[in-house]
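Look for chain A in each of the two complexes below; its partner is chain B in the first and chain C in the second.
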Partner chain A sequence: MTGLRLGLALAASVLALGAATAQEPKKGGTVHVVVQPEPPMLMQGLNQNGPTNMVAGNIYESLLRYDEKLNPQPSLAKSWEISPDAKVYTFKLQEGVTWHDGKPFTADDVVFTLDKFLREVHPRWRPIVNAQVETIEKVDDLTVKITLKQPFGPMIMTQEVASAPMIPKHIYDGTDYRANPANNTPIGTGPFKLKEWKKGSYIHLVKNENYWLKGKPNLDEIYWQIIPDAAARAVAYETGKVDVLTGGSVDVYDVARLSKLPNTCMTTKGWEMFAPHAWLTPNVRNGILGNKQFRQGLMYAIDREFGKDVVWGGLGKLPTGPISSKTRFYSSDVPTYAFDPAKAKELIKASGYKGETIKLLNLPYGETWSRWSEAIKQNLEDVGVKIQIENTDVPGWTQKASNWDFDLNFNFLYQLGDPAMGVARSYISSNIAKGNPFANVGGYSNPEVDKLFAEAAIAATDAQRQELYTKVQKLLADELPVLWLLEMDFPTIYRCNVKNLVTTGIGVDDGFRDAWKE
Partner chain B sequence: MSFLKRFASNRGAVVGLIILLVVIVFALLAPSLFPQSPWRTVGRPFLAPFVMERFPLGTDTLGRNIAAGLVHGARVSLMIGVVSTLVALLIGVPLGAVAGYAGGFVDDALMRFTEFFQTIPSFALAIVMVAILQPQLGSIVLAIGVVSWPPVARLVRGEVLSLKTREYVQAAVTIGQSTPRIIFSQVLPNTIAPIIVMGSLMIGSAILLESSLSFLGLGDPNLMSWGYMVGAGRTRLIDAWWISFFPGLAIFLTVLALNLAGEGLNDALNPRLARGRE
Partner chain C sequence: MNLAQFLAGRLVKGIVVLFAIAILNFFLIRAAPGDPAQVLAGEAGAADAVLLEQLRARFGLDQPLIEQLWIYLKGYASLDLGFSYRQQRPVLELILDRLPATLLLTGAAFLVSLGLGVLMGALAARRAGRWQDSVITTLALVFYATPLFWIALMSQIIFSLKLGLVPNVGFETIGANYTGLARALDIAQHLFLPALTLGLFFTALYARMMRASMLEIAGADFVKTARAKGLSPGVVSRRHVARNAILPVVTLAGLQAGQLVGGAVLTETVFAWPGIGRLMFDALVQRDYSVLLGVFFVSSAMVVGFNILTDLVYRLADPRIEATS
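After this line comes the complex of A and B, so read on.
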C-alpha cells in the first residue's frame, strides 16, 4: 500500500516536473555535480570512459542527439536525409558554428573526424566505418555525404557524442593524435568550455558565450566535484556542497534515503542509450555449464525478483532476454523463467550434475555486487549446486574475465542504442577472443545465432530487422548463453530547482545544454 | 598455592575465562542452534533486534538472521584465531630456539631476518599477502601467521639464551646429549609457560586481524565472520545500527576475554612475577 502511494507520489512529482519544464528558463547560476571516478582525460575522441563522457559530452558535440525514446534529434547536423536504398546519408550542418578557439566548424572537420581521426582511434566507430562505409565526402562547406557499402540500419544511431564526437581538424590534422598537447585543453563546439581542471579536486566548465544555439546554455558554470568515497559523496549532497549526484555515484542503499530529502528529485531516465543489462556469464567450455538444461536450472533457481527488490533497492526491471526493453527491437515473445526451485532441481538433476564446485567470480564494483553474489550463491545452494565465491580487485577481475578464467562471472554491458552494436557482441562466435572482458567471454557459439545477428544488422527495413531480432531473442532465451539478471537503473539525484537536466537518452552526459537553475 | 587457585584469585581472568567459555559453547552448538546456513535469507531485511522472537538480534540488509551469523561467525573467528596462532608458533618457536641456542653468526642472521619482518607494518603485509593469494581461508591463516611470528621468535630466543647457561643444561651437554635432544627435552619444555601466555594473547590479535581483513572485504567470501558482518553493515550504520553493532560487540568481548585470561595465565604460571593482588 505504501509502495503504491509512493508510486503515485513519484508519478505526481514527474507530472509536476513536466509542467515545470514549460516555465521560462532563468539565466545564470552555478551547478555542482559529482563525477565518479575522476576521468583519465577529457579528450572524448580518445577516451570514452563513463566519467570522461559525463564531463566531455558538454564540451564536445556530435552530428546528432537522441531523445529518451532514442529518436535522432538535430545537433551539429541541422537536418539529414537517407536515400531510398538506405545507402546514402546526407547531413546538413548548422550555420555559424565555431570551435571554442573561434575557428569556424565546417564539413572539413566532419570528414576529418569520421574518416581519419575516429577511424584510427575509436574502438566503436572503427569497425563500423571499416565494414560498412564506402566513402565520407564533403559536398559543400555545410553538407556531408556518407555512402554505405550496404544498408546498415544502426547507422543513424552511431552519431551520439561519445560514439562520434566532432574533433577540430585545424588542431589535430597531421599530428600524432594521442600525443597532441591539445588533449589537455579540449576544444569542442559544445555549450561549455574547460576553464580549469584541478586534479583530484574539481573540473570547472564555463559557458561558451559564442555557442551556436542562441540563448543557450542557461547556466554560467559547472563544477564537477571529485570525491572518492561513496559515503562522502552522499554527505556532500546532504550538506549542499553538490547539487547533482550522477548515476551510480552513491550506494544503492543511500538512494532511498537521499531522495526523501527536501527539494530533492530523482530520475532513472537518461540511460536509455546505454540501457545497462546485468547478467551472469556461464563459461560454457567448463563441463556441466555447457549443458543447456543445467543453465536453465540455474535460471529457475535464482530469485531475480529478490535481487531487484532487496539487493538493488527496487531499482530496475527484470529482463526477458538479450535485448533491453528500453531499447529498439525488444521482443517479449520469449520463454520466461519465474523463480521455481522445484523445477530448477528437476532440470539440474536431469542435466547429470554430480556436485562439482562451481566458482562464482564477483564483480568488484562495490558492496551491492557482493551482496548479490551472496544471495545468488544461497539460491543455487538451495537447489543443490555447490558454489564458491571468488573475490578479487578490478584489474584481477578484468584479467580473469578477459582470459576466460571463471565458471560463472557477473557482468553488465551497455546496449548502445542498437542490438547490432551493444547486444550481438556478447553472443556471436566471431567475438570469442581473449583480452576483452566485454567480448563473448562465455564462449557460446551457435551458427544460427551468428547468422540471425549478421542478417539483422544489414536488413533494409526496421520491420525486417525486428523480425530477425525477435527470432534471435526467442532462440537465445531458450539456450541461455548468459543468465540475464537485471535491466539496471542508475538514478540521478538532484535538487529540484535544477531544471531540464535529463532530457536526452544519455542524460547528464549532454544534459547541461538545456539545464537551468531556478 | 596451586595453579587453579592462583588463576582464580585474579577476578578479571575468571570473567575472561567465563566469556570465552560461553563463546566456545555457542561456537560448538552453532549447527544445532541454527541448523540453517547463516547466509540464508530468513525474514524481511532490516528487522530491528529484540522485536521478533525468531530474530533476537534482528536481520541484516538481505534479511539474514544476525544471531545465526554471530554464532556461526564465532566458529570461524575462533578457528582462524587458533590455527593462525599455531602457524605463528610453528614458525617462531623453532626459529627462536635455534637462534638462542646456537648464538653467534646463526643468531645474528636469524634475528636480522626476524627484524626484517618486524620492520614491515604487519597489517599492510597481511593485506598484500591476502590480495596476492586470493582471499581464502588458507591464505588468510597463512598471512596472519606470517605477520605474527616475530615476537614469538624473540621471546623464545630470550628464554633460551638464559636457559642454556643453567646447570642442568650444562650437565646434559657434559653427559653428551645431542643438541636437538637438549633443545627439545631440556630447554623448550621450560619455555612453555611464557609461550602459552603469549599464544593466548596472540589468538586475540589474530581474531582482530582477521576481522580487519574481512571488514575491508578481504575475508573468505564463503565464510560468515564477524569482521565481514561489521563491514557489510557499516554503510547502514545510521538507520540499522544493529547489523554492525552486535558482531562488533562480539569481537570486543572475545578479544577482551582472551586478554584477561592470558593475563591470568601469566600470573598463575609465573607466581614470582605476579603482581601482589592478595
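After this line comes the complex of A and C, so read on.
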C-alpha cells in the first residue's frame, strides 16, 4: 500500500517535472511570501540572519550559486579555474553586470568585497580569508585571482550569497560600513530591487529591469509579508493572502494538513547547503557529563525515532554522526545507538552516576522544541537520570549557551556545505570560546579530533579528505561530544502554480531569479 | 485653587514621575539576561569575538553604564529618543510610523467597548433579574473569561476561513494600491476582527461595571425621590441613575485610554497588525534597548496625560467633585 502510494507519488513528481521543464516560463505576476521574524536589515554583508538571507538573497548575488547537489554553478562569475596545485582560483566575471543604481560591476567590487569589506565584518568569511588566503587581486576588469596559502578544499563552497555577497565598492569604500545610510537602501546586482519596506507589514521587491541575465527574472513583484503568529500564517495561506510558506513558518502539525490542500505543493528541498543538524550538547566540564559511558547511556536512552515521528511530525532523518547525510564527506561507518533503555541503564550505572540533577536548557524557538525537551526528559527519567528543564527567552538562551551555563543544551547548526566550515567548529578545541552560542560550547577537547579536522580541511584531494573525515566521524560517534538528534527538514509549502521556486541548494533564498507564476 | 493652578501642579508632578520612570526603565531592562549585540550575532548562526565587539560598540554598550545612562537622559531631555542600530532608524521615527495603525486599532476598540459596554450595562441594570439581564451578564462573563488569543484565532477561522467575510491579517491588502474611499474601506475590513477581539474584553468590563454601579445608585434616596415626583422610568434611568453611575466607568475608561498608545501586543501579534505593541514586543525579545525605552517612555507619558484628563472629565460628569480633591 505504502509502496504503491510512494510509486504513484514518484510517477506524479516525474510527470510534474517533465511538464515543468517542457513549459515556457510565463512573464509577469506577483508572489506573496511569508517571512518571519522580520529581518533586522537587508544589507546582507552586515547581517546574515535567516530572514535577512531569505529576502536579501534575491537582491544581492555572489560569485557562485550551488545546485541541490551542492555543485558550484555560475552566478556573477561566468567561469572559474583552479590551478593544478589547488592554490590559485581564477574567476571570470559576467559581462554587462550593473548595480541597481546603474554603476558597472567589476573586479574592483569583488576585490573590495572579499579583501576589505567582508574581511572586516563577516564572521564566517573573516576566519577563512585570514587563515587561508594569501592575496586577492584584480587581473583585469572582469578577472579576479585568489591565491591561497595552501590548498583549501572548501574554498569553492565559500561563495554562497549569504557567505560572500558582492558589495558595491562605490558606495561603501572609505565609509564606516555599519553606519552607512545606504544600509537602508540595499544596492545589489540581483534580479530584484528593494522598492519599499513598511516595517511591521511587508517588504516589497520589484523586478530589476536591467538584470544581466537576459529574460530573467520572470516575476514582476515579490511581497514578503510579516505575519508573526504561526496559526494566522496558516489561515493567511488558506485564504489566499500568501502563496508561499517558507521553511519553518508554520507549526509542524499543520504541515501535513496544509500540504493536502488543493493546488498546494510541499518540498523539503532547498536546504542542502545548510542541512540543519540538531543535537543536545552536554557540558563536559560538568561532573558526570564528562564521562563517555554516561553520554553513551544518554544516547541509548533517548527515543530519537519518537522525537522525529511525533514531535517533528515525521519530518527529517536520524543522524549518525557530526556530518549530515545530505552533504559531502558523510560516512555511515560509525557506531550507532538504537533506542535501548536496558543498555542505557547499564552504561549509566557503570559510569558512576549518583542521581545528581541534570539541567536541560530548552531552546526557546517555539512549542515543538518544548515538547521535545519534555519527551527527552521522560526518556532520561525512565532510565533513572534526574532532569530539570530550564526555560528562558531567546536572549537568555543565547547568553546561557554562550557562557557555558548549562548541563545539557539544545542547539541546531547549519553544515554550510563543507565539514570544514559547518562541522569542525563544534568539536575542535581552538573554538572553545565564550560569547558565541555556536562555538564548541560543550568544551569537548581531543587532540586527535583537532588534528583530523585540521588535516582534512587542507588535504589536497577529495579522496584524502574523505578518508580523514571518515576517521573523525567514527571517532566522534564513539566519544559523543554531542548527542545528535535529527537532520532537520524545513518544508516549503507553496501554490503549485508558482514554478521553479526551489531549484538550488539554498531554495527560496535565491530562488526567485528563476521562479515564475502560471 | 483654580483650574490653571491645578493643571500646572499636575504637570510638574507628571514630569517628576516620568523622570523616575525613565531611570527605572533603564535599569530594569538591563536586569534581563543578554544584550542586543549578542542577540543579533546569535541570530546569524555565527559570531566571533570581533563581531560582538563591533556590534557592542555600535549599540553604545562599550561605554560604562553610568555614561550610557547620561547619554540616554540627555537625549530624552531634548526629546531625542535615540537610534535603533538594529532597525537602522531613529526610535521616534519607528514609533511615529506605528502610531496611526495603533491608534486606529485601540481607538476603535475603545469606542466600541465603551459604547457597547455602557449600553449593555445600563440595559442589564434596568432589566435586572429578567432574561435580558441574564443574557447580557452571561455574554459579558464569556467575553471576560475567554483568553484573547483564543477568540482571536477562532474569529479568524470563522470569519476569514469559513465565511470568507473579512481578511484575517494585516492592515490593508498588500499590493492592491487602493486610494481614497476604497482604501478606507479596505482598512476597515482589516480592522474589523482585531478591533472586535480587543473590544470584547473591555466591553465586558464596562458592562459589568455599569450594571453594578447602576443597581447601587438605583436604591439611593434621590432616585426614590425622582420616582416619587412622577418622572418616567426612562428619564430616571438616564438623568438620575446613569449619570451618577458613570463615574467608575470614567475611571476605567481613563485607564484604558492611557494604554491606547501602548498598543495591544497579543491582538497585534495574532492579527499581524503593525502597531506599537508589536514594536515593543519585538524590541523586548531582541533586547533592542533604545526602542524599548522609547516605547516605555511614550506609553508612560500617555498614562500620565490621560490621568490628568480623567480628573477633568470627573469634574464634567459630577460638578461636586473639586479639582483639588
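Assorted remarks:
The rule is short, and it goes like this: the second predicted complex is superposed on the first by the 502 of 518 C-alpha atoms of A that agree within 3 Å, B and C clash if a C-alpha of one lies under 4 Å from a C-alpha of the other, contacts with A are read in each partner's own complex, and residues count from 1 in each chain.
We adopt the following convention: contacts are C-beta pairs under 8 Å (C-beta built on N, C-alpha and C of every residue); 3 or more make two chains touch, one makes a residue touch a chain.
Predicted model only: the values in this text are computed from it and were never measured.
Which of chain B and chain C touches more residues of chain A: that partner is C.
By the touch criterion defined above, A:P123 reaches chain C but does not reach chain B. Of the two partner chains, chain B is the only one that A:I389 touches; chain C does not reach it. With both structures placed on the common chain, the touch criterion links A:N210 to neither chain B nor chain C. By the touch criterion defined above, A:S429 lies against neither chain B nor chain C after alignment on the C-alpha atoms of chain A.
Applying the stated contact rule after C-alpha superposition, one finds that A:S370 touches chain B and leaves chain C untouched. With both structures placed on the common chain, the touch criterion links A:A231 to chain B and to chain C. By the touch criterion defined above, A:T175 reaches neither chain B nor chain C. Across the two superposed structures, the residue set of chain A contacted by chain B and also by chain C is 231, 392-393.
Listed in rising order, the residues of chain C touching chain A in the complex are 32-35, 38-52, 54, 58, 85-89, 94, 97-98, 101, 153, 156-157, 160-161, 164, 167-171, 174-175, 269-272, 274-275, 278-279, 282, 285-287.
The residues of chain A lying in touch with chain C in their complex are 30, 32, 37-38, 40-41, 47-50, 121, 123-124, 126-127, 178-179, 183-184, 198-202, 204, 221, 223, 225-229, 231-233, 235-236, 238-239, 241, 392-396, 398-400, 402, 413-414, 433, 435-438.
Of all residues in chain A, only 230-231, 251, 253-254, 257, 306, 310-311, 362, 367, 370-371, 373-375, 377-378, 381-382, 388-393 touch chain B in the complex they form.
Interface of chain B with chain A (complex): residues 37, 39-41, 45, 61-63, 131, 134-135, 217-218, 221-222, 232, 235-236, 239.
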